[in-house]
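Mind having a look at this structure? Questions to follow.
Chain naming follows the written order as A, B, C and D, and within any one chain the residues start at number 1.
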Amino acid sequence: MTAQADAEILSVRRDGPYWQMSFAAPGIADGFRPGHFVAIAVDDAHILRRAFSIRSASTKAGGALQIIVSPKGPGTKWLVERRPGDLINVIAPLGKPFRLPTEPVPCVLVGGGYGVAPLFELASQLRARGCPVEIIVGAGDAQRLYGVVEARRVSDAVHVTTDDGSAGEHGRVTDPLRRILAGGHPAVYACGPMGMLQAVSEVSAEFGAVAQCAVEESMACGIGVCMTCVLPVIGDDGVTRMVRSCTEGPVFFGDRVRWSEVGTVPADTLGAPEPRDD
Amino acid sequence: MTDPRVTLGGVDFAGPAFTASGCAAAGRELAGFFDLTEIGGVVTKSIMLRPRSGRPTPRMVETPSGMLNSIGLQGPGIESFLENDLAWLTDHGVTAVVSIAGETVDEFAQLARILRNEPAVKAIEVNISCPNVESRGQVFACEVMSASSVIHQVRRNISSDVPIFAKLTPDVTSIAEIALACHNAGADGLSVMNTTLGMAIDPDTLRPILGGVTGGLSGPAIRPMAVRCVWQIHQVLPDVPILGMGGIANGEDALQFIAAGASAVSVGTMTFHDPSAPVRVQRELLGLLDERGFTTVADAVGIAHRGGLT
Amino acid sequence: MTDPRVTLGGVDFAGPAFTASGCAAAGRELAGFFDLTEIGGVVTKSIMLRPRSGRPTPRMVETPSGMLNSIGLQGPGIESFLENDLAWLTDHGVTAVVSIAGETVDEFAQLARILRNEPAVKAIEVNISCPNVESRGQVFACEVMSASSVIHQVRRNISSDVPIFAKLTPDVTSIAEIALACHNAGADGLSVMNTTLGMAIDPDTLRPILGGVTGGLSGPAIRPMAVRCVWQIHQVLPDVPILGMGGIANGEDALQFIAAGASAVSVGTMTFHDPSAPVRVQRELLGLLDERGFTTVADAVGIAHRGGLT
Amino acid sequence: MTAQADAEILSVRRDGPYWQMSFAAPGIADGFRPGHFVAIAVDDAHILRRAFSIRSASTKAGGALQIIVSPKGPGTKWLVERRPGDLINVIAPLGKPFRLPTEPVPCVLVGGGYGVAPLFELASQLRARGCPVEIIVGAGDAQRLYGVVEARRVSDAVHVTTDDGSAGEHGRVTDPLRRILAGGHPAVYACGPMGMLQAVSEVSAEFGAVAQCAVEESMACGIGVCMTCVLPVIGDDGVTRMVRSCTEGPVFFGDRVRWSEVGTVPADTLGAPEPRDD
């Protein structure tokens, strides 16, 4: 189902600090579910692909995918300089997507910065199953907020927060989340920076909820063969393993990820080095 | 058409291109991208006796035409490997070259004993480019004595039908000397080369980026170094098969290795760029060999030492 | 603003960036592109006792993010160098670090004696990464004994006011060991690193491309290796100045070297891309140091060993 | 006088297997004399510059340079894909140009393939000094002939040769050259592949003439600091040295270059390695 293709860029549109791109993806778009990502090859000078959440897929005209790019380093900068008609090599869909509830339960979706990208389509699919959906959109400041209008279109309520109060509520996404959780037992979905995912998982746990979190770890291959993208995750057997976020994620249950130990190998991880004197 | 088959250490392989250890896991993830039975075989990620968590993240840094990694040999341990990974390869008819790694000479010996009863193991790659805990953490392949002991122990403990390839590090004063020692100790072939030690520092924090502080540099950046290593080893051991690797991205790159003295090649880092790189490289290589009139891969091996095409 | 001045082996230099030996000839050709007095100094192309023709062409191959060269130390010999090149540098007020190379230990000693009466020589870089004709053509810096003898002889024959820097090759099992030996033999500092040996084969002729068969790999491709070498040496010799180099293209790259333990940097191959690279790198480096609150370059030297910025 | 600049591409035009490019070169174009070359930085993946003969310079609109590019490897292919408005980093003018006669002597200019590039402007300048000019244009086949029409415009006579006879005279540039030399004592100028330059030098010598030849050696820096671009050249003192073609050339007197030993270090070269037993 996952395929590699030279995809023609259909549009590149700037939206504040982000860029929205779409490209033809014949045969790829069909398998898309929210939470999947795409790995894109950039210029010759950089050999590693760049990963992006798939924002949405359309099946018209052979299929197309949309992504949101925040230009940061050389690869993302190169990408946003592409023009319609240019070809980019893509591999998609990749990863394990968000799991949808089988019952029409209320849902709250939390997105930080460009992390809202996969949430629009998720919201639509949840609502199609009869789930009431609220979306919390957060960012450092008004500038870096993404997709508030779109969020309103696909949900029943939108809450906006910024760290500096320049738009919406002054504070963190966890403030409205806490209020929503206090008022009911929704399913929680989140995508955004690791710190936010940790906070969302912790607040959810306080209220007995488990958040599904789409993580972002540095990836060399995106397809499960290199072992660079790991983080400590507790398995069904209670054992912590260093787990690949590209194939076993990017979506994890928030109570399984040892958030505060991401970037370390916890001492009780399977196969952790034995403490040495040196 | 050039015959794709190659013989390495007495064993026949379907083609001259392999995956590189640690760049294809145990093959399964690549099966969606190409037919694994078309290439020479899958060289599996170096496996150790026990499960191993590997190093903390970040485990990689992109560098000019290359990358650094400090995975730290993460893996499930030999038992789980046999049960899940090797079994999958066998079930799917994929040729398996099993890479093994240990922290002590004895661990290598134990791994060899465990593998001796596995008919699916076509060949063994002995990754002696990993740290030797018995000797100041220096890698085994840095020194003639430690490299030889490992190879000797693996050779003693495995059937003589199974060729063993010693995987060498370029980070030595004379790689030819280590190659000679490994061959004398019983290596049927040499895998050349592993990554070279490198490092990157974050310009903002001014701290090493990698969780492991230093890491292995791979990719096209190091290709000229790898071609040189193959050349130097073929010069002293012209009859010993070399599995050449280091930055191979296409058929022309692979051809350089063959001409320098490699009997076959592995494709590593470029698989991250293009998951079907191993089979693409193989097809391109065979096409180039054909254009140049070679009927077998073996005819081109080391030809640069013999004046090249005339 | 960060003070650009650095002190290396007791001598003051105007800035932390230098040209790299062999990548700036004797400076004159770069004078049209930037003010040579702004940088730390010009490290001249390694000079030998007698004129030397160098190797046949082709002398270079472009490689991914780097290049191979086999110049073979072409040069006019020390006499012509003093008369023409050093004189030009003196006349133009440019700080000269003279790189010397010999085929025997005695040639190095003779070069040192000739230079001892030259007040224009601010420092000497001893290129021990060249082949030792007395010892199977292995380069001096491959071995503790030969490296030490050269440094010892140069140190004996030159005034103690003139610091000498030993230029090391990365192609050794332990560069820290060679660095220690050179320091013990009298090197005031270390130039780290020279090119790493590489090779390329022409896919059409299937022969080595370079006239010299193998050549030195340089440029951004090898930067992670060079940063690692600087790191390893600073770890064992934290008080010895290191002139760091290998693939430096911009201020961020240079900052990596400083943080890893270099007291100053040389810019080599990237000068071919951008003739004013040395001064640009220096300006960018000083800008980055300033942004990070350093008042001197020295304050940042080796900071990655001390936990980085906090 | 030599300067480095980000130059705006003004035009890129295909002409058979060659591409004609022009770019703005404020302050650079003034110093141009035929035989000079320009070193151009290409894409990020390639760190070395590419050298091109300057075909012509115009001083209008702040100055512009024209070159002829034969796409061969990655750098030249990248270059011909640039579009007007793109910037390329150039260093020019570089090298020692052709020396012009002080008397109005007849001149014959020999160009092979894109090697004719510097000859048009040379012809114009020679004619401006009253020199009668004939141009010999050669190539492997008709396809690879360049600039025949332009050559006619700037000279008194044009001779065309192709190796396969597909255009003009069947044969080598030395065939018409030999006839011209037999009929007079012209000054000879040549630019093209090394084999052609050698032949032109030898034929000239037969008739007691000395050709000025613009050579093409593989260059890493183009400015004299790397020593990659050398060839064995006999000096005024009769001594052979390995001489840089970027700073002491690219134009050399044909009788000074040891053509058949290019690619070697002749045993009597200054500083040549002593013969050894090993």
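In this text, a residue touches a chain if its C-beta (ideal position, glycine included) is under 8 Å from a C-beta of that chain, and two chains touch if they have at least 3 such contacts.
Computed from a predicted structure; not experimentally measured.
**Student:** What chains, if any, are shared contacts of subunit A and subunit C?
**Tutor:** Intersection of subunit A and subunit C contact lists gives B, D.
**Student:** Which chain has its C-alpha centre farthest away from the C-alpha centre of subunit A?
**Tutor:** D
**Student:** Give the chain pair, either A-D or C-D, that is connected by more C-beta contacts.
**Tutor:** Here the pair linked by more C-beta pairs in contact is C-D.
**Student:** Just curious, how far off is subunit C from subunit B if you go by their C-alpha centres, in Å?
**Tutor:** The answer is 34 Å.
**Student:** Distance from the CA centroid of subunit C to that of subunit D, rounded to the nearest Å?
**Tutor:** Distance between chain centres: 35 Å.
**Student:** Centroid of subunit A to centroid of subunit D, CA atoms only: how many Å?
**Tutor:** Centres of subunit A and subunit D (C-alpha means) sit 57 Å apart.
**Student:** Go ahead and note the Å separation of the Cα centroids belonging to subunit B and subunit D.
**Tutor:** Whole-Å distance between the two chain centres: 47.
**Student:** Send over the residues of subunit D in touch with two or more other chains.
**Tutor:** Within subunit D, residues 45 contact more than one other chain.
**Student:** Which subunit C residues reach two or more other chains?
**Tutor:** Residues 64-66, 219-220 of subunit C each touch two or more of the other chains.
**Student:** Line, ring, star, complete or other: which describes how these chains touch one another?
**Tutor:** ring
**Student:** Provide the full list of chain pairs in touch.
**Tutor:** Pairwise, the chains that meet the contact rule are A-B, A-D, B-C, C-D.
**Student:** Which residues of subunit A touch subunit B once you look at their complex with the stated criterion?
**Tutor:** 1-2, 4, 41, 45-49, 89, 91, 217-218, 220-231, 241-242, 247, 262-265, 269-273
**Student:** Okay, in this complex, where on subunit B does subunit C touch?
**Tutor:** 61, 63-66, 68, 142-143, 171-173, 196-208, 214, 217, 219-225, 227-228, 231, 247, 252, 255-256, 259-260, 288, 292, 300, 303-304, 307-309
**Student:** Touching subunit A in the complex: which residues of subunit D?
**Tutor:** Checking each residue of subunit D against subunit A gives 43-45.
**Student:** Using the touch rule from the top, collect the residues of subunit B that touch subunit A in their complex.
**Tutor:** Residues in contact with subunit A: 22-25, 29-30, 32-33, 45, 50-60, 62, 64-67, 69, 71, 74-75, 77, 211, 219-220, 269-276.
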